[in-house]
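Below you'll find the structures, each written out as structure tokens.
Both complexes below contain chain A, partnered by chain B and then by chain C.
On to the complex of A and B.
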């Protein structure tokens, strides 16, 4: 471990004040009954004792952002002649996501493989990603919707974070994970962690113990493929779904978007906004044909993308960080863990598929 | 900001010519405003582009001029909705945005030395036109080239100004057909799959490339099977709703394949490997 520091609870506001110099600091805050990530300012007390309702994905992937501005410009000599000028947006400002959970920071690793690959680099995403740091809070306690440990993570996972905070008596132990994190921990408000480190390790171990039993997702890519044409299975799995899309908007790993123009007079903007595969319009073709005409087809794609297609493309990496938000916030309690597990259990095992018609070969 | 190309920023282009092909299809010939970029612009037959009308949006179209003829880039647009309607209102001198080339292309290298059968229906002739002209411009590389092009009625047939040339060429066997008899029509009458069965192109050392409305493709495939064509000998292109065109927005996937980057060109053998979600 490069360095570990201790922050007194009483110094939290002062440290946030330091961090907020020259950058936007997003912290989880109350918004009615929900907890959402909003810019910190003097007097804001971050909500750190429970998982935020939304993920902080908008820090790097805003719910809607300008791709560019356009303006139609008439030639004064010849008004029939009009040219178009395009103007790219400014660089994003430096930002810090403070107090997200390990699953939140890890969500961006799932984005990275798609938005920042050797083949395709999304300049908007890459610029925001580079400008954003994560000081993540190790989960002191899991809730019954958590399953990070089933997707290769855990309550103190450091992957994707720049620094990890663990709550201990009287304050937080801070560990730098990346050079960005080391910079952030240079504050004179922080002291050496010393004997607090051992306590932090105990907190992390307790969190692991508090997790509900891990569902077993081994074989999900093949099992979901095997269920692809079993529409009865998907109708059953999606029976309760009301296609509200909450699961996708709250998910730290859902990354689909739409592109739309907004025009006013001779000027306008081209926007990119979150979109969601649970909506009928998402795949509706101009001919009127829709390859995913029912909610069963669409739920199949959402679950299939996360637990089958993405892992098949990206060396087994599941496109879900196990945060459980889609389960917690679904108005009708659709549970993605159950669906994947059911698909795995329903898939014939090697012996089963060999037995009945096995005589063929 | 790390220097890297902006995938979503179109290049500006000027429409130099338009052709009203049919009541619902209009062709646009355009050149990129940046002369050097136009000179350097490289694409393969079958690749697509996104055309932008700023204020309305973008839509995907095949570049239907061949890479062997580079005075302009040609797109033929059938009116379907908002973007296509606004494109139809544009004329010579107007500006559009272009993001191209996108997607994969016809495996024309693998087709060298083979007989080629093109079967196009309606606007589905657009991608075939690119490859066919490309092959005619590299005529020695290919065996017999046959074209079967069908439309609902004579007025629905695009590229009419070229049909006399295609019909007259010694090195191209062209058959035109319409669904129902019409006054003054001197070519075949009948649905494409039926005409194809009558034509009986040999499957031996041959590749069939087909594009058109789904129902036409379905029956054309059955006809090709009857004629002895194997799955690997049949090539088609897929349509999906698209936005980004670069494999990110998540709209056009069929299981693990993205039509915008892994397609739009697929062999029938590849299509059979895909999950059933066309």
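On to the complex of A and C.
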């Protein structure tokens, strides 16, 4: 571990100015009543005292991304003949996500297993991922909706971050996590952390203490599979859900997309944009058949994907970072913690499981 | 007996005839109530009534057709039920409506502005005309009138306009008439200023369509033009043009049908003031047709009817 550094609160703007040379720096900032990640520029005061309304996932996985441009060119000799010209998008610019929380940075580890695996490498994703660094702020205190500690993380989790900032008296203690982070901490504005490091450790310990007891999600993959065909369970669990996509779009770990051709006349763009499993169109097949026709089917998929199907194929890793935005910003307060817990509690007991197949209901 | 106890016993008395009753119950923290689907007496015991009951339960009714449903309503929610009945989107014989007088609900946005954020609420109590919120160890006493939703300050329908069971004492209207002063103030700006305002507000839209799905009258839902590929009405890009286009279509579809319950705005996770768009169109509808949505079960919304000559549109005089 490299030496820990200290940044005075008064030098924050100057340091952001340095970091913004040659790269886009996304910081959480006020926009109406919301706190969203937008590029920093002189005069912007990052909002660091609360969790942002949205996650910074668009930094690496934009809400809409041009895969390529296309134009149809008519052959002047033979107007019946048309050829298609494709144009690659520009390479992503270097970026830094500053002031996200550990859950925000950790979210991309869930993306990585899907988009940057030995089997499949999504070049658009990988290019952005490599061009993006994370200076993450350790949470000094938990919110009502936080449950990072229930999914294998914590308020000072460094997984996915390049450097970790911890708020202490008069400024921040900065610790490099990766070589990228070490580079970022070379600024002359930063001094040796000295005894501030011990203060930072105390802040981290207090944050852990502020978390409510963690719900026990061990066994969620099997419990949710056991409830897969129990539509009564899912109708009950989804009764109040209005099947919008707010949870998925604010989620740091939801990575589904749709592809559309947005064309006008002879030109167009093939675009990849966020899609979400709460939408009817998500699994609507060309034939008109929809395997997930109701919100109960759709919510089952969202919870199942995060707490069952993903962990079952990724060595137990839960596809949720516990940021709680899906609960906090749900128009009707659907609570994913409650649904997973209900599934675990409703799972067949060992005795029931031991009965022969035919004896089960 | 208090309103809540009366409500609970009224619901329990009817429960056996119903598939379910929709009301409000405790959510993930003391500030957030959540829609409650009551199927047994134990569920009814969780029922809440008061200024935290921000949701409009009428939103669920079109999706429950064919079931016998009880619904607890505030005055504004009852207007949505009436509008759904007018449009034959729900059947009266399938509904049992429980009403009570509502003195107003709180606007989470206003509470958030007062507290900084809503993340650490430990306790909430209603003490007289104040809501007392304890968050992060600090107590905040917020006058209900200041943190109530704007719609409550101009409410003329505190009591359900339609109900099978009504409990409690009727409340007088907050104002005699809605003067649409907020809309007029906005209209006094130049077109460029108004355009710039909405462009700025729409920038942070995440296209989640919570506004649409929370709206009790937005009933196309699964077949909405917003996501249809064929026809491809609206591009899927992350740009203000397409986001704005959707809001314009949404607002037009609600003209003369919107009861101004404000669910679109309340549901928006990034706080876009969407109700203003609906109010602007309702102001036009009021001026053109002298019509108000969701007050008369026997009326027909003006844009769903046809008259050779409208009484309030002097076509021949133009």
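Please note the rule applied: the second predicted complex is superposed on the first by the 351 of 361 C-alpha atoms of A that agree within 3 Å, B and C clash if a C-alpha of one lies under 4 Å from a C-alpha of the other, contacts with A are read in each partner's own complex, and residues count from 1 in each chain.
Quick note on the criterion: a residue touches a chain if its C-beta (ideal position, glycine included) is under 8 Å from a C-beta of that chain, and two chains touch if they have at least 3 such contacts.
Everything numeric in this text was worked out from a predicted model, so none of it was measured.
A.B. asks: In the superposition on chain A, see if there is space for chain B and chain C together, and answer fit or clash.
C.D. replies: Superposition check on chain A shows chain B and chain C fit without a clash.
A.B. asks: Return first, second, both or neither, reflecting whether A:91 touches chain B, chain C, both chains, or no partner chain.
C.D. replies: A:91 sits against chain B, while chain C stays out of touch.
A.B. asks: Classify the contacts of A:287 with the two partner chains as first (chain B alone), second (chain C alone), both, or neither.
C.D. replies: first
A.B. asks: Report for A:194: first if it touches chain B alone, second if chain C alone, otherwise both or neither.
C.D. replies: In the superposition, A:194 contacts neither chain B nor chain C.
A.B. asks: What is the contact status of A:123 with respect to chain B (first) and chain C (second): first, second, both, or neither?
C.D. replies: Once the two structures are laid over each other on A, A:123 reaches chain B alone.
A.B. asks: With the two structures laid over each other on chain A, which partner does A:312 touch: chain B (first), chain C (second), both, or neither?
C.D. replies: The answer is first: A:312 touches chain B but not chain C.
A.B. asks: A:83 contacts which: chain B (first), chain C (second), both, neither?
C.D. replies: First partner only, chain B.
A.B. asks: Is A:258 touching anything from chain B or chain C once the two structures are fitted on A? First, second, both or neither.
C.D. replies: After superposition on chain A, A:258 lies in contact with both partners, chain B and chain C.
A.B. asks: Would you sort A:39 into first (chain B), second (chain C), both or neither based on which partner it touches?
C.D. replies: In the superposed model, A:39 contacts neither chain B nor chain C.
A.B. asks: With the two structures placed on a shared chain A, what shortest C-alpha distance in Å links chain B and chain C?
C.D. replies: 6 Å.
A.B. asks: Which chain A residues lie in the overlap of the chain B contact set and the chain C contact set?
C.D. replies: Comparing the two interfaces on chain A, one with chain B and one with chain C, the shared residues are 258, 260.
A.B. asks: Hey, which residues of chain B end up touching chain A in the complex?
C.D. replies: By the definition above, chain B touches chain A via 1-2, 4-10, 12, 54-59, 80-81, 84, 93-95, 97, 213-214, 239-241, 243-244, 246-256, 275-278.
A.B. asks: Where on chain A does chain B make contact in their complex?
C.D. replies: Contact set of chain A toward chain B: 67-68, 70, 72, 80-84, 86, 88, 91, 114-115, 119-124, 126-127, 130, 225, 228-229, 255-261, 263, 268, 270, 272, 275, 277, 282-287, 289, 291-292, 297, 301, 304-305, 308-309, 312-313.
A.B. asks: Hey, which residues of chain A end up touching chain C in the complex?
C.D. replies: On the chain A side, the touching residues are 31-34, 36, 49-51, 53-54, 58, 62-64, 141, 143-145, 236, 239-240, 242-246, 248-250, 258, 260, 262, 271, 273-274, 276, 279-281, 327-329, 331-335, 338.
A.B. asks: Considering the complex alone, what residue numbers of chain C touch chain A?
C.D. replies: 27-29, 32-37, 55, 59-60, 109, 112-113, 116-121, 136, 201, 203-204, 206-210, 212-214, 221-223, 227-229, 232, 235-239, 263, 266-267, 269-273
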